[in-house]
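Order as written gives the chain letters A, B, C and D; numbering starts at 1 within each chain.
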Amino acid sequence: MIIVIRPHATKEQIAEVIAEVEKLGYTPAPIHGAAQTVVAAIGDERTHANLESLSVLPQVESVLRVQKRFKLASRESHPKNTLVDVAGVEVGGAKFCLMAGPCSVENEEQLLSTAEAVKAAGATVLRGGAYKPRTSPYEFQGLGKEGLRLLALAREKTGLKIITEVLSERDVEHVAAVADILQIGARNSQNFQLLIEAAKTGKPILLKRGMSERVEEWLLAAEYILAHGNPNVLLCERGIRTFETYTRNTLDLAAVAIAKKESHLPVIVDPSQGCGRADLVVALCCGAIAMGADGLIIEVHPHPAEAMSDGQQQVDFAGFQKLIETIPPFLRAVNKSV
Amino acid sequence: MIIVIRPHATKEQIAEVIAEVEKLGYTPAPIHGAAQTVVAAIGDERTHANLESLSVLPQVESVLRVQKRFKLASRESHPKNTLVDVAGVEVGGAKFCLMAGPCSVENEEQLLSTAEAVKAAGATVLRGGAYKPRTSPYEFQGLGKEGLRLLALAREKTGLKIITEVLSERDVEHVAAVADILQIGARNSQNFQLLIEAAKTGKPILLKRGMSERVEEWLLAAEYILAHGNPNVLLCERGIRTFETYTRNTLDLAAVAIAKKESHLPVIVDPSQGCGRADLVVALCCGAIAMGADGLIIEVHPHPAEAMSDGQQQVDFAGFQKLIETIPPFLRAVNKSV
Amino acid sequence: MIIVIRPHATKEQIAEVIAEVEKLGYTPAPIHGAAQTVVAAIGDERTHANLESLSVLPQVESVLRVQKRFKLASRESHPKNTLVDVAGVEVGGAKFCLMAGPCSVENEEQLLSTAEAVKAAGATVLRGGAYKPRTSPYEFQGLGKEGLRLLALAREKTGLKIITEVLSERDVEHVAAVADILQIGARNSQNFQLLIEAAKTGKPILLKRGMSERVEEWLLAAEYILAHGNPNVLLCERGIRTFETYTRNTLDLAAVAIAKKESHLPVIVDPSQGCGRADLVVALCCGAIAMGADGLIIEVHPHPAEAMSDGQQQVDFAGFQKLIETIPPFLRAVNKSV
Amino acid sequence: MIIVIRPHATKEQIAEVIAEVEKLGYTPAPIHGAAQTVVAAIGDERTHANLESLSVLPQVESVLRVQKRFKLASRESHPKNTLVDVAGVEVGGAKFCLMAGPCSVENEEQLLSTAEAVKAAGATVLRGGAYKPRTSPYEFQGLGKEGLRLLALAREKTGLKIITEVLSERDVEHVAAVADILQIGARNSQNFQLLIEAAKTGKPILLKRGMSERVEEWLLAAEYILAHGNPNVLLCERGIRTFETYTRNTLDLAAVAIAKKESHLPVIVDPSQGCGRADLVVALCCGAIAMGADGLIIEVHPHPAEAMSDGQQQVDFAGFQKLIETIPPFLRAVNKSV
């Protein structure tokens, strides 16, 4: 780390900083500029104390980090792309992964008809929420275990792999018994206890980026999973909070390229949550592919206007078919295929 | 809700919207303007389907909510201020509540000396993290149960009430066995399963606002607790995410006034997290009091430069004493006292 | 507009609102729901008073707009894409427009060598700042008129069209004497006097989106130009302000699709400003094309590390060549070509 | 500046960085850590080249600034508070400055009645917009020169000083002929040409913070004025853009304390724009005073519901009177008086 000393600090004040740096386990290397002094603290920033605490000293102007905070998730530590095996479906390679299905599992008819439709169109993974995190307690909270039973049934009937969200440490075990991928939602993106519990199952984990999470923080959340022995992490960009009100969120497609550059983990994009409007989904899918995404997770519903949750962002079967017909040239441009 | 139909929609398209509104349980009331038609949907927006799903129809331009989404947390439903009883200490009334203590419980000496110092200065509640949610898995994660033991010891020695964070549903029971107030942190502000579990203990809950949570969403998170039978909610503003980089967060003091206006629940302000800099804490405390806060929660450490977490935002004992000497005129201005 | 009356308002209070609505020139249409009343105000929201002022009345809970605020810029008013003629180069059609050149014009050698390099690679428009808006008064402010002279020289030598920024109403005339496109920067995106002055020249105007401008506000800024008789507007997405610190700005590629959907104006993307990092420019160009952009404006410098402004976001000639080789498959995917 | 070299960079790559640092006029001081090397570049960061351009080199991970970018605006360069003389009214000292008046000057009756009301209540400066920057070209743009005439008349009748906004370099001269304070609005906060032109008049300038301007950038905009020879700058916090939708802007009261700490310039708060809701103005005024503001600028209108601009955020005469009665205890708490 670099400790920037204020101009006009006394020798004693500088010596105090140097002594603290040493006491906290780093080797201090002071550099005296014309206007002010900086002290470089040599040592591993991940394993030593965080020297930002030194900014409480009146003579310290600021403390700057030098090293990256994430390691296992970093491209440096693992230069090749990680391929995640989802019950036989490989994610992160030349095969582009299409996950699709309803926001919430509502009933057998709704889920199975959607599963068949998305399978026919080329999806390999079925999404569907059994446990739903809803902003208001008065909104539909999902079918719970009955939803899981229907997801298992849909897999049996179609062969699609299953991705579904887990909201609670207590549910991890029984959700993992059904799911091929455990989804951690944006609201739980820094619920580290849930991440650790999910990591222990060894199942692939789709980790959504938090609503106002910096890419570094997102990768550090992934680091929690990796550091608990589970290398099967799929990063998922799903839109961030900004001042824009036309869309529910602002899908941050630049973050896809950043995550691919800084990390070796596959990146999935959720355009449905990412904008909250069905009419933008196709365009965002094209953009996501061009930015280097390894897959898409798309909300599809037989009749979105009457969906029990987030109908406004779900495409119907015809809409999904249109999407499937639109993306091939973009996939070819990045040397991928469904 | 109000469904805004696009200009030039056909009669049939308008009829389709009206039929959907009816099917979803509302009474439709169309109004034909010169340029476009709007359909008012009469009915309880909390108990009926969310008509935002209708915006998937091509003839629908937008759907506008009319009613407030929160009820139990609203000032309308409970015009008087709620007073929360924290093991005999009343929060939300004329007595201003000072909570103070270290970011993390580090050891007995650190905790007890801080407890005594903040008690002597006028605090009635001791804060201290036993379970710490840290952005990186390589950072100090708290002492866990040993931390709880030390907090119980500090209460025994000083009589201070205890507030401490709970991160996991599985910890709720043993944390609640020690804590007088359960703290839900910003990262778990929409971890609804944790909120529900904490609610069930009946203990007062300090609910921090999420990093990019709108006030409406914060009150809806409180609504989860209230709807699960626990009326003892303390709202806590702790800074939001913005583009500003001078501070770690932007403390949103305006939100204090908004929360007091829209809700009957007490509002506590956390200036330490709120700015992430010890040198701004005193000013922010004065501002918080002036905006109508019912209390403060302040990070205090015997030697912040060497703290095991977030030293940069902790004041030392002298700093806390100075704060205590600064705030009385502001408390008098709002007719409160410590 | 829709005026939402608070629950429990008296008949007299409702009548007061209705009377104000009428006085302000609208036809009121009250709808009495179970819980509360709303008053629809029928009339043209663009030409009448803004009823948001009614929210000062204690019985008014909120005021909701129904109509779009922009008209000339809207897709409704002009369903076909606008084609802008830049001195013979058509922008907005099947021909994709590549604008490239240095951030700042620094000297003849730098500008001419860059002009030749970008022309050889396929660019049709040369960018280069003669007047530079710099955050600090101590930073290089551009060569001014000498910069314009060099731009004119570069056009003469290469045949490239010229785009350059105008910062001041007083400069509009002499900048327009050289420029084929007047650029309005993000900092002046709502400098309406400058927009009007630039509009009067009749020259094409590239209007950058403000740093925290909603798409609606961006289109309203375009509306200023259109309403002053100049139909030749190019919208330019150049990144917005968010909490992310990895990049200088967050390039909002979703806004490209929104602008294309809501408006008929061409949309250009600036990936250089949009991320502030040369290493992300290629990926962002691919994403921009996939999202439907009509062109790109890219910063290119012979030796970015020694550039007089924003070197970190400029690609060198080899980098530009690589970009040019990367984008064709993406252009084919959207049926465009350079 | 500090140049952070990537781990595993070669000796030659490090030497290249050192050579560039030297070439760009700094003295390089390399520090070799265990994992990576950093190069401190010693020299004045304000007058030398910006080394951020070096981050285009593949071996450079990041470039960190050490020195502050603003100088004349900084507290270091001018430890005592600056007092600004507004035609005999001193701002920035123990006398708290109240500026009040309508958003827009609408007519003689409206302006004079408001001037008298706010004067009677204790204001010393009358605000009123003659030139109005409006998001839409279809909204009321102000009375222009007639507005200025009415402001001059109001000063003649009441003795109040006048503050009014200037939007255009071309208007600076005739606005300055009437105004005692020139207001630069948020949309022009980085319209540097306007800042320079306004600076030249020597008149006090109230500089609003831009909608998404960091405090550092706000002080750098002030630096433009100071560097052009005009020391009479009043900083004005007026709310920033966030994700919150309850209010029009989020008033950033923390920024008041930051600006007072980092700079010697007086800070004025605009709670009307800052929240866009009349019902929050009183609370925000109390908060602003507690945070150390030197004055307030408040929108007051005889009949806000019928105002020609921004009625929703204007208080009426009774509301202003109530505000005036509420603030004295807060002023006493900070040892100020009206």
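The definition used in the following text is that a residue touches a chain if its C-beta (ideal position, glycine included) is under 8 Å from a C-beta of that chain, and two chains touch if they have at least 3 such contacts.
Keep in mind the model is a prediction, meaning the values are calculated, not measured.
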Practice task
Mind listing the chains that sit against subunit A and also against subunit D?
Solution key: B, C
Practice task
Have a look at C-D versus B-C and report the one with more C-beta pairs in contact.
Solution key: C-D
Exercise for the section: Report the chain whose mean Cα position is at the greatest distance from that of subunit C. Expected result: B
Practice task
Using mean C-alpha positions as chain centres, tell me how far subunit B is from subunit D in Å, no decimals.
Solution key: 30
Fill in the blank from the handout: Cα centroid separation, subunit C vs subunit D, in Å, comes to 25
Completion exercise
Chain centres from averaged Cα atoms put subunit B and subunit C apart, in whole Å, by 38
Completion exercise
Expected list for subunit D, residues touching two or more other chains, is 212, 241-243, 245, 279
Practice task
Provide the residue numbers of subunit B that touch subunit D in the complex, in ascending order.
Solution key: 212, 214-216, 240, 242-247, 250-255, 257-258, 261, 274-275, 279-280, 283-284, 286-287, 289-292, 329-330, 332-333
Exercise for the section: Would you mind writing out the residues of subunit D in touch with subunit C in their complex? Expected result: 20, 23-24, 46-47, 49-50, 52-57, 63, 69-70, 133-139, 167-170, 187-188, 190-194, 210-212, 217, 220, 223-224, 227-228, 241, 277-279, 304-312, 314, 316
Practice task
Quick one: which bits of subunit B touch subunit C in the complex? Just the residue numbers, please.
Solution key: 2, 4, 7-8, 29, 31, 33-36, 38, 40, 42-44, 64, 66-67, 76, 212, 241-243, 245
